[in-house]
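When the chains are written out, they are named A, B, C, D, E, F, G and H in that same order, and each has its own residue count from 1.
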Amino acid sequence: MSEKLLMKGNEALGEAAVRAGCRLYFAYPITPQSELPEYLSRRMPEVGGVFLQAESEIAAINMVYGASGAGARVMTSSSSPGISLKQEGLSYIAGAELPCVIVNMARGGPGLGSIQPSQSDYLQATKGGGHGDYRLIVLAPASVQEIVDLTTLAFDLADKYRNPVMIMGDGLLGQMMEPVTFPDEVKKDLPPKPWATTGWKKDRPKNIINSLELQPERLEEHNRHLQEKYARIAREETRWEEYLTQDAEVVVVAYGTVARIARSAVEAAREKGIKAGLFRPITLWPYPYDALGRLAETAKNFLTVEMNCGQMVEDVRLAVNGQRPVYFYGRSGGMVPTPEEVSAEIEKLAYGRCEA
Amino acid sequence: MSEKLLMKGNEALGEAAVRAGCRLYFAYPITPQSELPEYLSRRMPEVGGVFLQAESEIAAINMVYGASGAGARVMTSSSSPGISLKQEGLSYIAGAELPCVIVNMARGGPGLGSIQPSQSDYLQATKGGGHGDYRLIVLAPASVQEIVDLTTLAFDLADKYRNPVMIMGDGLLGQMMEPVTFPDEVKKDLPPKPWATTGWKKDRPKNIINSLELQPERLEEHNRHLQEKYARIAREETRWEEYLTQDAEVVVVAYGTVARIARSAVEAAREKGIKAGLFRPITLWPYPYDALGRLAETAKNFLTVEMNCGQMVEDVRLAVNGQRPVYFYGRSGGMVPTPEEVSAEIEKLAYGRCEA
Amino acid sequence: MAKGKVVFNEDRCKGCELCTTVCPNKILTLDTKKINKLGYHPATVTNPEECIGCALCARMCPDCVIEVYRE
Amino acid sequence: MAKGKVVFNEDRCKGCELCTTVCPNKILTLDTKKINKLGYHPATVTNPEECIGCALCARMCPDCVIEVYRE
Amino acid sequence: MKPVFTRPRSLADVTTHYCPGCTHGIIHRLIAEAIDELDIAERTIGVAPVGCSVLAYNYFNVDFQEAAHGRAPAVATGIKRALPDSVVFTYQGDGDLASIGTAEIVHAANRGEAITVIYVNNAIYGMTGGQMAPTTLAGQKTTTSPYGRDVKLCGYPIRMAELLSTLVAPRYIARVAVNSPAHVQQAKRAIKRAFEVQVNDRGFALVEVLSTCPTNWGLPPKKALEWLEENMIPYYPLGEFKVPKEAE
Amino acid sequence: MKPVFTRPRSLADVTTHYCPGCTHGIIHRLIAEAIDELDIAERTIGVAPVGCSVLAYNYFNVDFQEAAHGRAPAVATGIKRALPDSVVFTYQGDGDLASIGTAEIVHAANRGEAITVIYVNNAIYGMTGGQMAPTTLAGQKTTTSPYGRDVKLCGYPIRMAELLSTLVAPRYIARVAVNSPAHVQQAKRAIKRAFEVQVNDRGFALVEVLSTCPTNWGLPPKKALEWLEENMIPYYPLGEFKVPKEAE
Amino acid sequence: MQQEFIFAGFGGQGVLLMGQLIAYAALYEGKKVSWIPSYGPEMRGGTANCTVVVSDREIGSPVVTRPSCVVAMNLPSLDKFEDKVKPGGVLVINSSMINREPRRTDITVIKVPATATATELGNQRVANMVALGAVVEATRVVSVEGLVETLRKKLPAHHQDLLPLNQKAIEVGRSFVPSTV
Amino acid sequence: MQQEFIFAGFGGQGVLLMGQLIAYAALYEGKKVSWIPSYGPEMRGGTANCTVVVSDREIGSPVVTRPSCVVAMNLPSLDKFEDKVKPGGVLVINSSMINREPRRTDITVIKVPATATATELGNQRVANMVALGAVVEATRVVSVEGLVETLRKKLPAHHQDLLPLNQKAIEVGRSFVPSTV
């Protein structure tokens, strides 16, 4: 591990990608993630990699498709409106089972919205903003160091499962500086990709990167294969973190930036003698339904806190499945909930809540 | 009501739009909805309307934005990949609160997929394929006549709530011919739109069509306003149909094309003495959670049937909220479930099911 | 004497008549008595000895049905 | 004698100096003693009597700060 | 004394958010003057882009729509087709029009939509903090071309006026600059003409305006005017590329 | 007897799904011949479009990627940047390249991506059943221009070769046709040259190929060749619009 | 009562129209009907088919796995659909274009030399009407009068002169159905 | 122990750097730190600020509603942030640029003529260092030695000659803090 540096989330993500062996990056500027293309425009040439500013988000995601299909570790990034533009491309990439990393440093919506942090792209990321039955693996870091760690993981998971992986951040995570360390070694031993289109020298079957299947029977077959893969990912890669949940009566569920704020609130509640705990999903898909559902045995209430109008709360409800009440507290449009606000909500639940 | 005609779903939709007062239509060809632009390319000039084939789905949805902002009744249509491309535009339209109608004659995915019918864009339509917290009203017809009726309704709801409305069909509905009648009268008394940009003659405040709000406080305000509107729509506009549910022990939940197939299966089951019933959501958003949840009092099992790998089943679970088991049966990739397959699933549940 | 020779991969022929159109000697035609695997009347040569092996037919064939040989 | 007259909407001035650059008589300058509402030193005219009312300053002002009058 | 220069009525009486010396402001004023002179304010609808001029809707006394990034020509098409008697103009930056919005401008132009496009080329992405634009000059340093634009890797700056002039339908296409009073006067004539073409000929008109971005060019406003003159004009020649037939 | 014409090795030995007499097949063969003659099959990667040639990946003996509608130039860019020594070509229809994919082709060309683009202009959307394309001729009837293309409402057919030739970076741009043996020979030379430009000069090359769609034009294949000659070539002149410097 | 039909053949044989005429005729007789075409890549030049459901009640699935009647106007259609006919159902084959015997023995097979008959009648394009005559005769899904009336309504004005020919074709088609059916 | 800072001023006053130096110095002393800038439309030409949290434990929210210390380098910053200082907290104001008195009485106000002092020291750009000296003296968030050491590490090689000036500025800045604080 190298020296601790203070770095912005966006830049740390770029450096982590380089160290994970990513050598091609295609993107289009948008606030609040532009430090990432800016960083990589300097850094990629240093390592013999490719930084290319695409003409649009759509071009960028399709460049990713091409480069990934050619066997490269490749990344793109954007923020909310730009991610919406990539939905067709994402569906194609998932359909053709191409590994790649997509970063969303989300901002307030809908529409042009604001450039302040938000989590209102949760459903888009986890339920499929594009058409068809497909899944992105969605990783939600809560600190700059975790951005680094999950970026490394993202490339590995992408290759392991031939699946696109999204890193779901927000403007705050992208702009924030925190201390980080990087793995010293630059990733060299990348997995072989015998399926990639690298030129057909007749030493293997001809490779075709594709998501078209005009025979519905065969497309159904392909969908079954995808669903089996998704089930395997759900079994093997679901990640979360629990904090003081063992005896918690009020379980706060939050991810990313909000999870940090919620932790402060949980600590404040504990100081007041309230048995509060924090459940933090790290993979938003696959969602830790089982782990969260298990907490319903001890918890009396669940409080979902999000920087949106209520999106992950649906997954919390699905996990809790009617065993306990699930409440929601959210701020939207780029507003960030404060620890005090969350504490107040916890207290309401701990001391009995009037409204449903 | 005029004479009964046999018409394809795509064409009937076009005619219904014209009779609902829609005078501008922008779209890009894609199977299996191309009969709709083809029909309107002939029909619009007859009524002095505008048919314009856009250079892309993205251009089309943004033309819709402009025309709707200028006060017109306007529509676009596409099928799955093309709908994915419209996600940014849809988020803008929802954010700016513009009334319009979007048609998705869905096909098998993900990616290029097939051109056969599918329901695998359910989550995209209902949970927001675009960024930000927004909702489309989503109407799911199950016959050509219902396409006509819901198209008329779509334009009215759009104007009433200043909200985009999606008609969610599939390739089969678009291609199928069934008898239809149309309302005789062409809609004339369209609601006034004082907010539209029609040229500022200083007789009202200047009109701006917009979704930008750089102050997060104000964007949050706007989001609250939207959420209140959505809550109102949910209260006032949730639609569904129940068939033999009163005493049903097995409740099949299905919409659109699949609901017809499920109804055949329910009838077959009743003939065998099985107490089966059908719950058919007509609005996919707002989803009839309450009505469906109430059935948990009598039903023993819920069986969700979809032309996908399991999407609406999440909403069924949310509605049933753990009170009864919810099962899923689906076909994907353009395959259409048969009444026999569904009957077999119903029987499994009626006579006890081994697997969970 | 034939300077050239044309060989048809008959089951690939779609009976489009582009070859028959361009043959300078007009010696190609569709064999209306045959139906090939694809369900078309395949092209055939009527007067093989008049073929000059110019390969115009082959160049115009969209389905690469024709091979041409020359002395 | 002044043939022209310039009037500044001072609180709109951003002190960019485009007007001062183009004035043919170089009679415009930033008033470094003043800070306007926006926090800038606003432009001002040093020798108003030399103004010929050519309006070049106004045409170059990105913030429409200047009105020009002429005899 | 008679007023020889006053604020145009169609220009809203507010402070803009533009940086000091940014010539977006001049271009706004020229548009407002054209609208006033043609007396079309009451039927004009503007379309704002995503870019530094995203708030343009606040700066004109006409109805406005805010378009998604690059899509202003499509939005304008929707408006114009809905209201054929309106006067519709888009105001777009070079990232907006020449990068993400390439398809929309090419096809609006090709269709001959009766709209007026004001295309502000400042060789950079202003709003997002100075990234490279497709119009960024060879060797020019930006936050995403930190070693200077390498034409081998990113290609040459794109000349949209020339490119669009190959199309049949557009009636008026010109390139002007706003870096000196003389150029501003030319620009004014071109912009007015671009509106006239819409009003009189129902044709498509586009004016590319070379503009400065002192902030992201890292230059004081006065120097920015010079940089434009010395670097941009040689590569982006001024002139009228297409003019309505009767006036040819 | 010696073979004077045999199936090129790079053309897969399978039946295509194209309609009888559709000249997509001729163009496929010309590409395969160029690949064979330059002996680059083992490093060639094709990019198929969405359009009638969507299944092109089955018809060549080279690795292939299937792109989303219009995005082939972006996909090709990704491949080429990942594998600079590969030979990458896209095969695109006129709907694909000149309509939805306008931005991608303009910018791949403008960047001078070292790829070869084969652009098949048949003045219609073939695959989806004969809708109007941006290239559809004035007055031409299609399923979405049932009264004939009205240039007042939809603009004039777009000439992409000319439009792209205004850009600096492209090294080779030509328009050819495949409606007669002589034109096929010209087309063959142009296509080969477009690959050579990629291999030798690392430059962008595009060949627009005028092609027939007997099915959607509603003409027998032979008549379609004539229709192309009589209607398309006058509007879409054949020729080389840009050639590599040394050969000028 | 519900009957399900698949009409299949080459693109040019008018099979989609056959289905539409049956659907319309049934509609005029107060039945519920649905019609769906095959659509997709096979469209291009190849075969086409459509499925028609005629019923007394609301139609559930418009997609049919086991039709009560299949009309095969050419060999590929017979190959594709023969196995799907519901046991006890009807299979009408255009024997002019199909030179093999059907394998099924649990259904009623009606051979109609539709193309040949049409050619004899002077217009190859009415082969579909010949087959339709047989269909109506064999299944009684609609009355012959109803079918002819439908034709009259649906023939465009400038083609009304073709009505007698079509009517004749239907009549001849009926005659190929053995009276035992 | 946790301290939260907001550094605010004009874009050119180096307020983002002030925050980063404190964050680095605290990091080197083994603390947990976070730094966030204001970003957004106000960036352009206007004011800038950053928030720094220094803590012994993992930092929860990096966003701070009630900072324990605010540094206002100009008047708009004072107007914006004065009310936010936590009761009992510290408010450092650049009195060279701010001509009004703070209203708060429940906090410690430290007036530092930062700009004037920097000008006196010969370089107006070290005004931020003057203020930083006061901050460190008043809050003890890091040691002065640590801060200077951090500066040494972070000054680019070709600017190391500026170190003495910066150090001097910090020292003078400290002197503006009354010993009672």
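Quick notes on this structure:
Operating definition for what follows: a contact is a pair of C-beta atoms (placed from the backbone, for glycine too) under 8 Å apart; a residue touches a chain by one contact, two chains touch by 3 or more.
Since the structure is predicted, the reported quantities are computational estimates derived from the model, not experimental observations.
Within the contact network of the assembly, the step distance from subunit B to subunit C comes to 2. No other pair of chains shares as many C-beta contacts as A-B. Each chain gets a centre from the mean of its Cα atoms; for subunit E and subunit F, those two points are 34 Å apart.
Centroids built from CA atoms put subunit F at 59 Å from subunit D.
Inter-chain centre distance (subunit A to subunit G, centres taken as mean C-alpha positions): 56 Å.
As a whole-number value, the distance joining the C-alpha centres of subunit D and subunit E reads 26 Å. For subunit G, residues that reach two or more other chains under the stated contact definition are 40-41.
Residue positions of subunit A touching 2 or more other chains, listed in rising order: 31, 52, 55-56, 58, 81, 88, 92, 96, 111-112, 114-116, 210-212, 214. Within subunit D, contacts with two or more other chains are made by no residue at all. Subunit F contributes residues 50, 54, 66, 68-70, 95, 99-100, 102, 125, 127-129, 131-132, 134, 143-147, 153-154 to its touches with subunit B in the complex. By the touch criterion given at the top, residues 28-31, 34, 37-38, 41-42, 45, 51-53, 55-57, 81, 111-112 of subunit A touch subunit E in their complex. The residues of subunit D lying in touch with subunit E in their complex are 4-5, 11-12, 14-18, 21-22, 38, 40, 53, 55-56, 58-64, 66-71.
Of all residues in subunit H, only 20, 23-24, 27, 32-37, 39-41, 58-63, 65 touch subunit A in the complex they form. Residues 58, 80-81, 83-85, 87-88, 91-96, 106, 108-116, 118, 120-121, 123-124, 127-134, 210-224, 226-227, 308-311, 314, 317-318, 321-323, 331-335 of subunit A are the ones touching subunit B in the complex.
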